[in-house]
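The same chain A turns up in both complexes below, where it pairs with chain B and then with chain C.
This part shows the complex of A and B:
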């Protein structure tokens, strides 16, 4: 009785071709290598095979759990981030009240102004968003690459800030408080199935809560099977140069 | 106009039409978030009672956003056919509900030009889920691009071959898998991960080449921002059968999407001139309850009436496709499976009543209290409601947008249990390719390698 039923969360389960009698098994395998979408899964009539169904259920289960997890603060401490929290009290309120996740208490705003570098060329923010695992998995790599890039370009970099219970719009408040030129926010995306580690980066030139959301330039899908964090870091350094040069961002900027 | 009633010995009075509409809405977390929902269940019913007694004229004269300050309100009110409106304006919303449930299809189609968004949202609030399905099932709205969608007895699907990095080979792999299930008669449409002119043009071209090589009668689209697509048209950079944009129900909320009525008018005119498709319907729009509140453009109105206003905006451009992305926005607007199912049925009904070729992206995200069973329930109900189209994605898992929508398998299963077919020309081509026999999947179906010869 010591044997285990096979572990369907293992990556090789997703790599299997389940199509019955394909024209070319080799071609199916080749197709599967080009995407992490659930292709070549075959069928039971018009429905999934049992393994496909159970794999889906397992992946949904872990994604739901990711939403309710927390950023490992040892990581942000190690990188020297200044830590603040929005008006949200706990996770439940964070899910139901995005409005509170976009704003800070007056005393938090004052503390930012007092403790952080004013008028930097580049302001970096890390935010938990809807996936703490995304920050845990990607922040360290991307941050060091970007920092090197900015130093090389001669940009002044502000005090990095970590925001707990944060929505995207906190970047506008922080930018306004510190008078940053380019503000860059890393934030955990809403998790996909079994991909709770995907991070987005939002960037804006003179980010402001008076401007519409379309002020933001976005790089999304940063995780090991999407855009690897090393590659994304280089892309963001490049985009920062463009934003600094053009003095605009988002839909106003066609790249 | 009466704004007061009593129930079980308590008096319920409402501030204005907007307040009645909001409190008469079925429970949605987004209306609670906005602070405009009914305080309790009896107050909700009291609002419905007051709403049922209002006339369509009351609703026309009280748009939830004033005409003077909002281009969506102007687009809706200016499009109203006054002659038709005169004939129906004295109907109460309660009588209007009964009319929709008892009239035949032609009678409903005849009064459509006399409706505004507030009337359409108002009557939806008085309907139960099965009412919404009954009324929707007799409204068939067809539209023609390269092919004609929406005929009775059809259920179409958008093939959505999204990829985390827009890798062309990966996109095409999902496309081949989808076609091998008979999915893609509505459109082959990618949500791009990268909204750049070069990348969007490359995908459009690749889709068109595949459609030509395999003689697949459908339309291509990449769902980038409309300004990116305009640049592609300007440069003649790629063939484009359908032009896409997300819409919102007010001018402020539209601004968050980087659009307004004037820009969309220009985009439409340019597309009409330069499109690669044949028919008179060549626009594709997505909407979804809650986006106005999320950009603070809701003007204190509920998310259902704001959604109806998106459809008024959409109809200005005679679109080929419009779909609500019902569970994408998250739990702060639609908390759980129950609210998601309700919203999907409402949106589909309102779109059809507006006169749109209406589909639904039946979906949920991982931070919602919903699961696959909720999704399947709504998809089956919409099949009964004669919805024009749903999405189709590998294994129900969108690896780019990070949400779950209907799978290729779901599209095939719904056609079977709902006795539906794909669009005629597409259906015929699937038979020729040996993927369908008498409209059903053959043994060959579900194998993408059939397209690798």
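This part shows the complex of A and C:
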């Protein structure tokens, strides 16, 4: 029979109590359920046990992969997103030059203006950010529930746009180009050691590069063990109504 | 953002009745646009006197006198009925089995405040007493399980906690007032529940006769041994089994125990008993039962923890711990609440939700029902639409709003989808609430974007 190496990235490894002879196994398990931190893992002398160390490295590897991977364009194509790219040429430049990840070439700006719906009530943007996996894992569910919600509320929804090599501030440029009332951007969060699939949603009323960062309302931690994408989507539909009604967003808005 | 709500607890026991008012703080921590809402503080602001439960005669509670007592307490506390946001009236022990108990609850719950729930049921009572006594809180710090026995006049309510969670809850026909004495120490009452036990033990105890201290001690010692058997996880005698109400316990071996209820006062104090005068302080055998338990606990491999509240444990549990709050992303409709006593239709398998709703709906003819299920931790939008479609189809023809209660965090998504697909019918969809088939729920008005919910198991089954 063929032997396989165990997959150390499996979640059950994370749930395992590695303390030798714990006073109460039940309590260790209960404690572990309350946090993603690596507790109740025991030790070998003064250091981690091999299993803990390997798991740590595996999680770190996921974080590295996340940053260096690409959004599955089949997903954005299927959902009908219009695809553009910032001034950044490749991943390395994306990491080194955050400033270029916030702006577009003049041709790109013109193309947006020419090809996309003008003056929508709601403009939706998907951005890769620091985690392509976050978009792959969450985009379809969150976008679909929001779209149905906006249509039902009678809002006009702009052409959905996917931005490659994007930082958060691209939403201001797109909002300015199209004259959107509420702009909503999905973006992959900087990965941690707990997950590489966490996504944030930034939203702003009349988003503008002239306004401070505090113009944005944010929902973060969207992934399967955080806030489920459908639930975040439902909350954003609700928040959009608030933004439209109050005509403001971010810290100015008391929710 | 911090909001405070006033809560009332009313406990109508076999022997005594009391009222407390507490202030519950609900805090909303909004780091992002999805706030984290928690109950952060519970402060008891008023404790009533402890009254003898007014009875017209054996078996009938005096509703009028009870109303007067409670009205006077509201006045003394300076609290108006309109200010009460939530709370619970709990009718406990043997009182719950009185003829007019259901009427009493109905009358009092309207009288005490809009969203004050009437509740009874030995298991729920056990859990509330355990919270009120402080056993639940203490269990979070203990490495092992802890049991709390709340010994009242007619019944004992027991709950096992581990790490703040309920592991088991049950009740027994053991109490301080199963035998009553007059001033001449003559026996005036022996509860039906223990007549078989008295016979098995061969005790000479008869109504009208002067009580014999040694005979009484034999009885209370037998009760004390039962508490030990249960705590130590030993095999139970037949006599002990007979005293369980509705169902047996799960049989854990325990190291930590706590006592609350009126009898507990005599477990923790040093009151010595040498004569019938020492026993007959309240016209019953409560002090003797406490003394017997205290005596039997010596040299046992059990750690006795002091309860934070003894005689008031149940009322505090009812007033401060009966309330749950929903998750913070939900769909509510404050125009149709408070909703009281909605029977829970619990779905076993969400794949066959529509059929289950149709099949079980007829169990609650003419009643507004709440559909409940656990659901997946992170459902897809496709799954959400499937759930909504099944609920709408299952409830077709029912003249009621959609009321759905789920465990995992997706109520806003499901609620919005329901609203969309059902054409803007009224919807309440709440999450982070666990229920079982047979439970009833009450739903209150939203506070800081969360919805107060009370989940209860009623004793009064038809």
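As a convention for this text, the second predicted complex is superposed on the first by the 238 of 255 C-alpha atoms of A that agree within 3 Å, B and C clash if a C-alpha of one lies under 4 Å from a C-alpha of the other, contacts with A are read in each partner's own complex, and residues count from 1 in each chain.
Please note the rule applied: contacts are C-beta pairs under 8 Å (C-beta built on N, C-alpha and C of every residue); 3 or more make two chains touch, one makes a residue touch a chain.
As the structure is a computational prediction, the values presented were derived from the model and not from experiment.
**Student:** Given the alignment on chain A, is it a clash or a fit between chain B and chain C?
**Tutor:** clash
**Student:** Once chain A of both complexes is superposed, is A:229 in touch with chain B (first), chain C (second), both, or neither?
**Tutor:** second
**Student:** Using the touch definition from the top, say if A:67 reaches chain B (first), chain C (second), both or neither.
**Tutor:** first
**Student:** May I ask you to decide whether A:160 touches chain B, chain C, both, or neither, giving the answer as first, second, both or neither?
**Tutor:** neither
**Student:** Once the structures are superposed on A, label A:141 by its partner contacts, choosing first (chain B), second (chain C), both or neither.
**Tutor:** It touches chain C, and chain B stays clear.
**Student:** Which partner chains sit in contact with A:129 here, chain B, chain C, both or neither? Use first/second/both/neither.
**Tutor:** In the superposed model, A:129 contacts neither chain B nor chain C.
**Student:** Contacts for A:24 in the overlay, against chain B (first) and chain C (second): which applies, first, second, both or neither?
**Tutor:** Both chain B and chain C are touched by A:24.
**Student:** Name the chain, either chain B or chain C, that contacts more residues of chain A.
**Tutor:** Here the partner covering more residues of chain A is B.
**Student:** First (chain B), second (chain C), both or neither: which does A:96 touch?
**Tutor:** A:96 sits against chain B, while chain C stays out of touch.
**Student:** Looking at A:238, would you say it contacts chain B, chain C, both, or neither? Reply first, second, both or neither.
**Tutor:** Only chain C; A:238 stays clear of chain B.
**Student:** After the superposition on A, what does A:188 contact: first (chain B), second (chain C), both or neither?
**Tutor:** Neither partner.
**Student:** Kindly point out the stretch of chain C, out of 134-142, 224-232 or 278-286, that overlaps with chain B after superposition on chain A.
**Tutor:** 134-142
**Student:** Is there a shared patch on chain A that both chain B and chain C touch, and which residues make it up?
**Tutor:** 23-24, 27, 30, 220-221, 225, 227, 255
**Student:** Mind pulling up the chain A residues that touch chain B in the complex?
**Tutor:** 19, 21-25, 27-28, 30-32, 34-43, 45-48, 52, 56-57, 59-60, 63-64, 66-67, 95-99, 130, 189-193, 195, 198, 212-214, 220-221, 225-227, 250-251, 254-255
**Student:** Could you pull out which chain A residues touch chain C in their complex?
**Tutor:** 23-24, 26-27, 30, 140-141, 144-145, 148-149, 152, 203, 217-221, 223-225, 227-235, 237-239, 255
**Student:** Mind listing the chain B positions that touch chain A in their complex?
**Tutor:** Of all residues in chain B, those touching chain A are 29, 33, 161-165, 167, 169-174, 176-177, 181, 193, 196-197, 225, 227-228, 231, 255-258, 294-295, 330-332, 335, 365-367, 371-372, 393-404, 407, 409, 412-413, 416, 441, 443, 445-450, 452-453.
**Student:** So in the complex, the part of chain C that touches chain A is made up of which residues?
**Tutor:** Residues of chain C touching chain A: 30, 32-35, 143-144, 162-163, 329, 377-381, 384, 408-413, 415-417, 420.
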